[in-house]
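After this come two complexes, each holding chain A, first together with chain B and then together with chain C.
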Partner chain A sequence: MKIKILIVVIWSMLVLVPPLISWQQLEIVAEQTILETLGNFDSRFQTQGSISFTFFVAISSTILTMIIGIPLAWNLGRYKWRYHIILRSIFTVPFVMPSILVAMGFLSLLDWFEVIFGDNNSQDLRIYSLLLAHAWFNLALVVRFCEPILSTIEESYEDAARLLPSGNTKLKRFGRLWGPLLLPNIIASASLVFVFSFTSFALVKFLVPAKRNLEVVMSNQAEWAGVEIPALGRAPSEIVLASSSIQLLTIILALAISSKLQSRSQGHHLSSLKDSRKEVSFFSIRGLYILMMLIFIISPLFALISSSFLVRENGVMIWSTQGWVAAFGGTHSPTNVYQSLYSSLSYAFLTVLISLPIGFVLSDSINELEKEDSKFSTILDILVMFPLALSAVMVGLGVLVGIIRTEPELARVWWIPIYGHLMLATPFVVRVLLPAMRNLNPEFEQSAALLGAGYLKRLMTIKIPILAPSIIVASSLVFAISLGEFGASWVVLRFTEYTTIPVMIGNILSRPGYDPLLRSVANAAGTVLLLMTLILFIGVERFRPVGRGGEF
Partner chain B sequence: MLICKQINKSYSKTILSNFNLEVRQGEIVALLGPSGSGKSTLLKIICGLETLDSGYVYFNGKNLENIPPEKREIGMVFQKLALFPHLDVRGNLKFGLDKKSDIKEIDEILDLVGLSDYGKRKIHTLSGGEAQRVALARSLIAKPKMILLDEPLSSLDANIKEDLAIEVRSLLKKLNISAIYVTHDPKTANQLSDRIVYINAQILSDE
Partner chain C sequence: MKNKKIKKSILICLMFTFSMFAGCLSDGEEGKNLNIVSYDAFGISQNLLEQFTNETGINVEITRAGDAGGVLSTVIQTKGTGLFDLSLGIDNSYLGTALAAELFEPLDTDRTIFSNRALSSYDGNLAIPFDVGSVCINYDSNYVDGENISIPTSLWNFTDTSWDGKIAVENPRTSSPGRAFFISTVDYFNNDIDEQSDYTNWWSDMKDNNVIIADSWTMAYETHYSGGYGQWGDGFIGDAHAVVSYCHSPGVEAYYGENWTTSVALNIDGASFSQIEYVSLLKGTDEHLSANIFVDWLVSNEINSQMSTINWMYPAIEGGGIIEDFGYNWHSIVPVDCEMNISSINEGIANWLDEWDAAVV
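Up next is the complex of A and B:
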């Protein structure tokens, strides 16, 4: 018990200390309290309209994602398609895609739109594409949360409802049976979609450069936040302090409301392990719908790859490999693809190596504390998820202001950015391993103990081998998250020599002035990242336990 | 009156072959046979949840071929009961009522199955026997002209099963509802039914 409490304390320090130091430092520089900075937040030119834009984007994206996602989850959950596993993998791949790739995919689609329709720069079109990109990115969450329950729900519910007056039409069955049954999962996925859309960074930054959400506002001010520069006054610190407070408060509120609503609806023993899906052919209306959704999912990725071979010359797109040559030659960015790939892979390997044991110990502790019915299990679970409530840019700011600016020498230490990756990836390790640990039959370990196996032997010969598929899933998820991490890395790494591929792409896209080759170079680097993420994802899907979803 | 005439149904193998059955108004027929003999399939064909390959089902003089399940006025209690877990007992019973129905009917039916104080109970808190009664009550509250029972007592202990079989029989007789009760247990079939029909793979006989 003492060791577990120690783990709670150590993790708390790791996740809480840098942000707390940052806030304190920001308050010192701003010479204002958080509440005071909120007063004139919306009247500054750097922040004007950012709160309403952030809420507008988050709410609209959530609604759109649910409108597109629920029918997709229904069709995957209630019907058995040929090549079902491949289909499910394709529909869930967007979630592991680095956000900067999604931004570039939709930018490339806008380019194609311009080639076909002649305009891609209207503000409305860019906002629609942002909302659609959020829906694309978050669709997998709705599928992961709703599909497993739909596919294993007791099949006689539908038949029973059909024979009763309150369920004798499809509409009535949806309103009174399926709707309420799915509600906890819909709420859970909707709240996460809201949080991810609220804290969206790369998509907003590159798809709608004329607008700013809170995340972009903070990133723009990060360079000068927490330091006293007389020429700039206190504004950067005040802005970051106010933005981060509004963001943190909103996210915590959203997650708390979702958790409350979910716990109210829980306690149903819904699903059987039996697969209750009906066979369906691709040659049907449903098949046509699935085909359209496949096109929706594949088109940004296809546009990204194809655009890496296109260069605009005199207003005309021509096929060329110049973008690839420039990306690997490093002519349009401080680093080339080889160097950035080396940094990306190094950070990703190290993040897996460190976050996996930390996540394992944290999951094991939560699981053991749950069995003891200890209140510490809830506290630890909240603390584990806390970095997700901070958002990537806020984690980056925590590292920058809370660590690097307290000891400027640390800015040159290459491993410092791993701290941000660890904070953002470890919660996912716990979300994958914890359900697997909860399902582990305790009698396996008990019988091994009775046969004389000590803790370490039980761990190595029983627990880890049984949990191996989940450990592999967690490792690749962490690897993919680290590989594609942009927000925190952008804040911490953009001016260093250790730029990862996403930061390299960000640097290329942020270069001032017009260069027709820039987009192709960024797309070529993006294609390398895309291929690596896809290989990882396809490799790991086979290890995902059947009928398991809900927790990534 | 229900008439099943020369019913044929096959999946990868023949399940029902030229099967005939008649059930008179108010009669309780037990369909007795081993697992996989097509008992449940027959019930699903009668209520319209499954289509037949050939043959006819007539109910009160009407051919049911093109009538959807929700309009056949036939209720069913499923083997796994299919009580909706997100609703309490009252909510499950309300599902069996249309909007015009009097809500008092819920109290009356709960009274009838001996569960007067169970309205607010969550489904997962019910014992096996209590859940069977709620499932039966939910089917009965919709006022079907016939009820199909797909081995709903199979998971109960022998003593409870015996008591409940007697209760179900007396309830159905009291309401004068025709019923087909599917089981593989001859004892329950005897206790509950007026007549037993044996169904055994492809060989069927009527006693």
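Up next is the complex of A and C:
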């Protein structure tokens, strides 16, 4: 029990200390109060229109993701497809792709749009493509949250509903049966989609260059935020302070709603362990729909892969493997793909090893607090999800200032980048393990305790074996998230010897692209990452039991 | 049985992970290490750095920190920590601020080897120039010739309707070339014959003429500019027929385009900024000797004369120029740049930027 409390305290410190340091540093530099800065938001070029644009994009993206995602979750949850494992993997992969690569994929698609329709640069088209990209990115959240319930509700309940006057039409059954059943999961997933769309950075920056959301505004000011030099002005610190405050408040509210609704989503008792899905063929209307969704998901990935084989030569684009040769040879970047892959895999392994026990203990603590009906369960759940509400700018500044104030040489230590990976991955361990723990029959543990088994014995012989499939799923998710982690690694000091593949791609893309090979090299490195992630998910999917694999 | 399997898997994972990091743990214990903070786009290749290491036994580790401003910001935040030995890429638009913050220690470099242009902003031993290049407006000759538009001879020409929404500039708060060009506009309008208006009026008129203000050079040049390499890339918009870039950018385009480009650097006296990039020894370092050896290598004739292909800039050494291959030099110009000293920039920039913010809203 003491270890549990210790881990909860350590996690709280890891999550809270860097932003608090940033906050303090920004307060020292800023002259205006947060409210004064907010009052001037629309009269400064750097921030003009950013608040309304952020909310517009987050809300619109959430609605669009739900419109696309719920029917997909229904078709994956209620019907059994051939190659179901591969299908689920493909629909999950977008969520763990580095957003910088997604942006490149969608930009390639826009070029195809121009070839077909003769236009790709209207502001409206760019905004639509941003919303679609957010839906593409977050679709997995809706599917993973809704699919487990849909796949375990026995057909007999729907048959029974059909006999009743209030359930004799599809619409009525949706309103009376499926709607109430799914609503908590839909709202919980919508909250997370809102959070990710609200904090979106690379997609906004590249797809809609004429607009800025709060994350882009903060990133633009990152260089000078917290730096006490009068010649550099105080505006950057004031802007980051005000923007991060709005972001934090909004996202904590969204996460609180999500947490509350998730804890309520286990109370319907209609789920069974039986696979209730109906077999269906691809040669049907539903099959056509799934095919269309597959095209939607695969298109940007395909565009990315094909771009890696396209090289500019004498004013025309030709098919070539030069980009791949350069990516593996390291001629156009400080590290080659082998070295970056080595770093990526090392950090991903280590992230899994650390975040799994931390996530396990945090889930267990939330679960126990929920059983006691304690309000602390919601607080701890929000604390778990808190890193997702933080801007990479705030984390980066806090880590840098914190390290310099304590022990500067720490900045050069190889394990410091793991911090960013842990902050991003651990919330997802909890999102996978917590629902599985809620479904555990408490009688198993109670009986073992009566027979004299201690906590550790119960953990090793009951909890871990029962939760093994969910632990494996969580591991794969953490591994994939860590492989694709970009934002936090990018803002913390980037030492060449620890360059991961996403950081390598960022390095290449931040150089002027005069050299025709540069963009192909970045796309080739991105394709390696994409294929690794896809293989990983397909490999692990078979461990996910129907309806019990957690909500993600 | 199952538990044994799980334990075995965990053990294998642990052994694998720690063996992977064994290399990292032993890093830094062999030979001398020189830690440099530079901007992202600094183009020196790993092969050249390895050549330096083979010749001197000094390992070079480069940490990337955004653009020139990012380098300065990192150096300020890590001042006196010894985390970095050298900074590479702080330019003369930031040098006044860096000198005022007392970040540097003197280097032993022989300054007689540099061109007058390289020493024009600062001629001391706290910051040694390694490359130079002027920032000015580039235009797409396809548009100017095709639409029969006169080549601009004054910055005011860009407020005409023929350039409505067709010029892209970089945000001076977020981009180094943008900041350099912005400083040149302050000087240009302070010294022109019109005493009624200053740079804020021009920027305000440009805003009314729908100037495209991009957050980075890459966004302005690659996404918006119709005359650059961006037209071959993903997400190209091409709505701007003029852009703020380097006066030798058309030369680089020609170098990679087999001596073909439609991009032309605009030569307007005083409407360009001579950007000089410096390498500096940072306070708190113990690697004085290694740092001096590296700087001497960087400004040696062998390495510095290659700057036009290593880093797409002019060499800083006397007699160093851009290579002639594929019209690189032919398509590049060295204009009459604005004259703004580094201390004036340091004293005025915060106020100028605040006024710019208000002018372009």
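Throughout what follows, the second predicted complex is superposed on the first by the 396 of 552 C-alpha atoms of A that agree within 3 Å, B and C clash if a C-alpha of one lies under 4 Å from a C-alpha of the other, contacts with A are read in each partner's own complex, and residues count from 1 in each chain.
The rule is simple: contacts are C-beta pairs under 8 Å (C-beta built on N, C-alpha and C of every residue); 3 or more make two chains touch, one makes a residue touch a chain.
Computed from a prediction, not measured in an experiment: that's the story for all the values here.
Of the two partner chains, chain B is the only one that A:Arg176 touches; chain C does not reach it. By the document's definition of touching, neither partner reaches A:Leu139: not chain B, not chain C.
By the document's definition of touching, of the two partners only chain B reaches A:Pro165; chain C does not.
Once chain A of one complex is fitted onto chain A of the other, the partner contacts of A:Met532 are absent, as it touches neither chain B nor chain C. When the shared chain is aligned, no partner comes close enough to touch A:Ile187: not chain B, not chain C. Once the two complexes are laid over each other on the shared chain, residue contacts for A:Tyr157 go to chain B alone; chain C is not touched.
Note on chain A: of its two partners chain C and chain B, the one contacting more of its residues is C. With both structures placed on the common chain, the touch criterion links A:Trp224 to chain C but leaves chain B unconnected.
The contact surfaces that chain B and chain C form on chain A in the two complexes do not overlap at any residue. Within the complex formed with chain A, the chain B residues making contact are 44, 47, 49, 69-71, 74-76, 78-80, 82, 84-87, 94-98, 101, 122, 124, 138-139, 142.
Contacts from chain A toward chain C in the complex involve residues 42-46, 48, 104, 107-108, 110-111, 120-121, 205-207, 209-210, 212, 216, 220-224, 226-227, 229-233, 235-236, 303, 307, 312, 314-315, 317, 330-331, 334-335, 342, 345-346, 349-350, 352-353, 400-401, 404, 408-409, 411-412, 414, 460-461, 464-465, 468, 493-498, 507, 509-516, 519. Those residues of chain C that touch chain A in the shared complex are 2-3, 6, 13-14, 16-17, 20-21, 24-25, 27-28, 35, 40-41, 43, 45-47, 61-67, 69-70, 73-74, 76-78, 81-83, 96-97, 100-101, 171, 173-174, 212-215, 217-219, 221-224, 229-230, 232-239, 252-253, 255-258, 260, 312, 346-347, 349-350, 353-354, 356-358, 360-361.
Residues 154, 156-157, 159-169, 176-177, 180-181, 183, 265, 267-270 of chain A are the ones that touch chain B when the two sit in their complex.
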